[in-house]
Structure formats: C-alpha cells, structure tokens
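Read through the structures below before going on.
Look at the two complexes coming up: subunit A is in both, with subunit B in one and subunit C in the other.
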Partner chain A sequence: MASILKVDELRGIVSAGDITVTSEGGAATQSLQQGLAKAWVGFNTITSTSIFDSHNVASLTDNGTAYTTINFSSNLNSTGYSLTASAGSASFRICLDTVGSNTDLTGSCNTYATRTDNGSGLDFDKGSAAIHGDLA
Partner chain B sequence: MASELRLTTLANNAGTESVDTTYVINGSAKAWVDFTTITTTSARDSFNVSSLTDLGTGSTTITYSTSMGSANYAGSYYTGANDSGTSYNTFNNDWTGGFGSKTSSSVIAGSYNNSFVDSHKNDVVVMGDLA
Partner chain C sequence: MPSVLNVDTLVAANGTDPVTLTKQSAAKAWANIRQDGSSLNRSFNCTSISDDATGVRTISFVNSFIDADHAPVLGHRPGPLTSGSSNQRNSHVETVSAGNVKLVCSYTSTNGAIIFYDVNHQFSSNGDLA
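The block that comes next holds the complex of A and B.
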C-alpha cells in the first residue's frame, strides 16, 4: 500500500543534518543529505546569459565570452565542493571547464567554455551545472 | 535509538509538491569528491570516497568506501586542466572505461592538444545504485 509523508522539513534525530537511506541493493546505507545536489542550473550564454531553470541559484554573471559565474542563493560551507558541468554548441564541439587556480568561492563558482579543436573560448546554446557538497 | 520510516512518497505539508522516494534514493549522488593534483593529489572534501591514487600527470584513481552495485553507473568528471593565467585552452577526458569498475574510477585531465596536465580543481560525481 502506498504511504505518503507530508512534511516541510526532514531532520535527523541524532544529528539534524544526517538522515540515512537504504541503498537500492539493500546492502548499504548512505547519508541523504550528502547525496543531494545542493544546486543545479540549465543556462545559455548566447546573446545574453540567462537561466532556463535552476535550484539554489540566485543569478548568473556574464564575465565575457565563454566565462560565467554561478551565484548561489544559499552558500556552501567551504570551497571543497564538487562542480560538474557540460555545454553544447550548434557550431563547434566544446567542453566546459573550471577557471584558473580553483577560483570557486562558497557563494559562487565559475565555468569557462572551450572549443576542443583550437582551445578558444565560445558562448554556447545550453549549459548544465550541478553542485554536490555541504551547505553552510 | 535509530528509527526507520518506510515510504513511497514524500510531500510538503501543503501537498503541493511531492516526490516518490524512488527518486530520492536513485536520484542521490552515491559519491562525490573535489581534489587537486598539483604537487600532491589530495581531496578537499568528499563523500563515499576512501582514497585517491596518483597515477601520473593528470591521472587519478578514485576508490569508493562503499562499492557500487554494478559497473553500469554514471560518472561525471570536471576540471580546469590548464590553470596558467588567462589561458583556459583545455578540456578534460576520461580513461577508456574509466567509470567501469564497481569499486573505483579513473579520470585524466588533458589539454586540447592531447597532452596530460595536473589541475588545481578536479570534481567527480557518481550517480547509480549502491550494492
């Protein structure tokens, strides 16, 4: 029989920020909070940098061709979070990279789109980014 | 004392938003790590990662604390391979079959001209089923 729990907040008993869920195979458990994406965004940088849809993203900053800053609504608690991103262009094969010597901050992170044939920067039609880590 | 709740659906109190718990469990990342390969390969933070192994310039093996249920998981790797000044002329690629083991994954950062490089920031996320 289906069961539905209606709540506005889930909180662990022993530790408020740690709820354990059982794995798909049933042989392991993992932290619910640690596995959740803390932010994600679908966006484009053609003509104007804009958001298609997002979670925990306050805004995007256009830093010039190919270079975008993603600003979070709620900050991460350290810069040691995992950012994964990709982008596609109708004109060239491109790859989305981080920028410089780990310029990510707790309140924002950066992406840079690069053409794979010659390494030059390029704006793109659709980019996607996800953040996994610890919220403040 | 530990308590267990078995549910099919989670919803907000107003009932306007809900998610099947299948999506909660299947949709959660099973591992993630943020690490550097400059000078010494080391993690800044991670989840379900027991160790990193430096395989040489640009290449790293990530070993999981709890293994995946099969090798058919989805892994994503992201890096800024070339950190020098304003030159971002790089992209990343993975070993062939780099995300093909239940217990570990191997990734490599390369430039657009196919040379391998170490990087200040390397990020991996794994989605799939735990054992």
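The block that comes next holds the complex of A and C.
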C-alpha cells in the first residue's frame, strides 16, 4: 500500500527553499524547487488580451499589436530566468519572440509575435508561456 | 493552522524511488543563454555550453536524462523590437540526446539563403532523469 503524507507546506531544514528529490531512474538527486515552473499562462490577444488560465501571473498588459507584457504576482530573483513561449493562429504561422526593450524584468516579461511569412507583428488566438528560474 | 514539514530530502517509502509529487511533472533542466552563446546566464542542471557556430550551441546536463525522449522547448530574445523580412527568426532543437541538446536559430534572407543568427536562447526540458 502506498504511503501518503498529508501536509500543507514543505520546507528544507538546512535551507528553507531547498529540498532534494531523487531522479526517476535513481541515479541522481537534484533540487525540487528549481525544477518547478515559477509562472505559466495561457492567453490570447485577438480581441482583447485575456488569460485562459495561469499560475503566478497577476495580469497581462496589451502594449499594442503583437506585443504583450506578462506581470508576475511574485517576482523572480533575477532577470536570468528561462522564458519559453509559443503561439498559434488560425490564419498564419507565428514566431513568438520573448522580447521587450531587449530586457526582461524580475516582475514581468514580454512576448512579441511575428508572422513567419513576412515578419510583421500580429495578435494571436492562443499563446502560452512558462517561466523557470528562482523566485525572490 | 497549516502544517509545515521540515525536510531536506524527499524519497518514496522504499527509500530510493522519486515521490509522486515530482515524478514526471517538474522540469529537469532549464537555462538562459547569453546571446553570443559563450556562457549560461542562469541555469539548472546544465553543466556547460559549447558555442558550436553562429546561432548554434550545445548544452550539456549535469544529471543526464534516462534517454533521448525528453521534451526540450525553446524561447528566444533576438534583440530590440523589429520587423521585416530579415527578422523572421526560427529557433529549434536540432539534436537531442540523454546528456545534451543542440539549439539553433536562423532566418531566411530576402534571397532565400538560410542565415544562422545568435539569440538569447531560453530553454527548458521535462522528462525522466537517469
């Protein structure tokens, strides 16, 4: 019978924010916290910028056609996080760049969508983004 | 009052297997790579990067995946906001193995040539570790 631990919060003893877990194959151990996505969002920008579902995302800012800012509820601890994103359109193939004044911030990040056939910006039906890194 | 468990390591009840909380669902590696491909700005479970050529770089993992069937995904920051035919960048994962991934960014020039292009790649991968 599987053992189940019922608890609301986990903390490390040596460091409250560092708990080690064993790999699936059993050959390695690594940090639990660092592998978790710190924010994610599914959204669209066609008629109005809106969120389908999200985690640690307070709001989106519509900066104009193609250009969206994702605002976090809890900030990352540096700008060196990993933002992976994609978008789809019923009409065009899209490349979703992760840009914005060429600098992401600890409290927000930016996406910019372009058509792959001519490089022009456009709004899209469904986009998604995930952020991995360390929270403040 | 919420219960708090203070613990440094979590393993399954048999003392070796991963707990259900983390199995499959947590990313096993991520990285933010300098635009010139020379180094990692920040990363998790990535030991090194090799700058193979303009727009082409290979990231090696500290702890390898169990096989090559993990799921790398990419984002990239190419530079200031621009548009036009020379900026139709395409980033993709060229090769995947248990121990590393090769990332590429290119665009098609107005005369149809494929031009490799350095970008600030941002990467993560989910799957099972060895």
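Odds and ends about this structure:
Heads up, the rule we're going with is that the second predicted complex is superposed on the first by the 133 of 136 C-alpha atoms of A that agree within 3 Å, B and C clash if a C-alpha of one lies under 4 Å from a C-alpha of the other, contacts with A are read in each partner's own complex, and residues count from 1 in each chain.
Note that in this section a residue touches a chain if its C-beta (ideal position, glycine included) is under 8 Å from a C-beta of that chain, and two chains touch if they have at least 3 such contacts.
Computed from a predicted model, the values in this text were never measured in an experiment.
Superimposing the complexes on subunit A yields a three-chain arrangement in which subunit B and subunit C clash. Of the two partner chains, subunit C is the only one touched by A:11; subunit B is not. Legend: residue contacts after superposition of the two complexes on their common chain; A:42 is shown touching neither subunit B nor subunit C. In the superposition on chain A, A:121 makes contact with both subunit B and subunit C. Under the contact criterion defined above, the residues of subunit A that touch both subunit B in one complex and subunit C in the other are 2-3, 5-8, 10, 13-14, 21-25, 27-28, 30-32, 34-37, 78, 80-86, 95-102, 104, 112, 114-121, 130, 132-134. Taken together, the subunit A residues at the contact with subunit C in this complex read 2-3, 5-14, 18-32, 34-37, 67, 78, 80-86, 95-102, 104, 112, 114-121, 129-130, 132-134. Against subunit A, in their complex, subunit B makes its touches with residues 2-3, 5-13, 15, 18, 24-26, 28-30, 32-34, 36, 43-45, 47-48, 66, 69, 76-81, 83, 85, 88-92, 111-113, 119-121, 123-125, 129-131.
The residues of subunit A lying in touch with subunit B in their complex are 2-8, 10, 13-14, 21-25, 27-28, 30-32, 34-37, 66, 78-86, 95-102, 104, 112, 114-121, 130, 132-134.
On the side of subunit C, the complex with subunit A involves touching residues 2-13, 16-19, 21-24, 26-28, 30-32, 41-42, 44-45, 62-63, 66, 73-81, 83-90, 122-124, 128-130.
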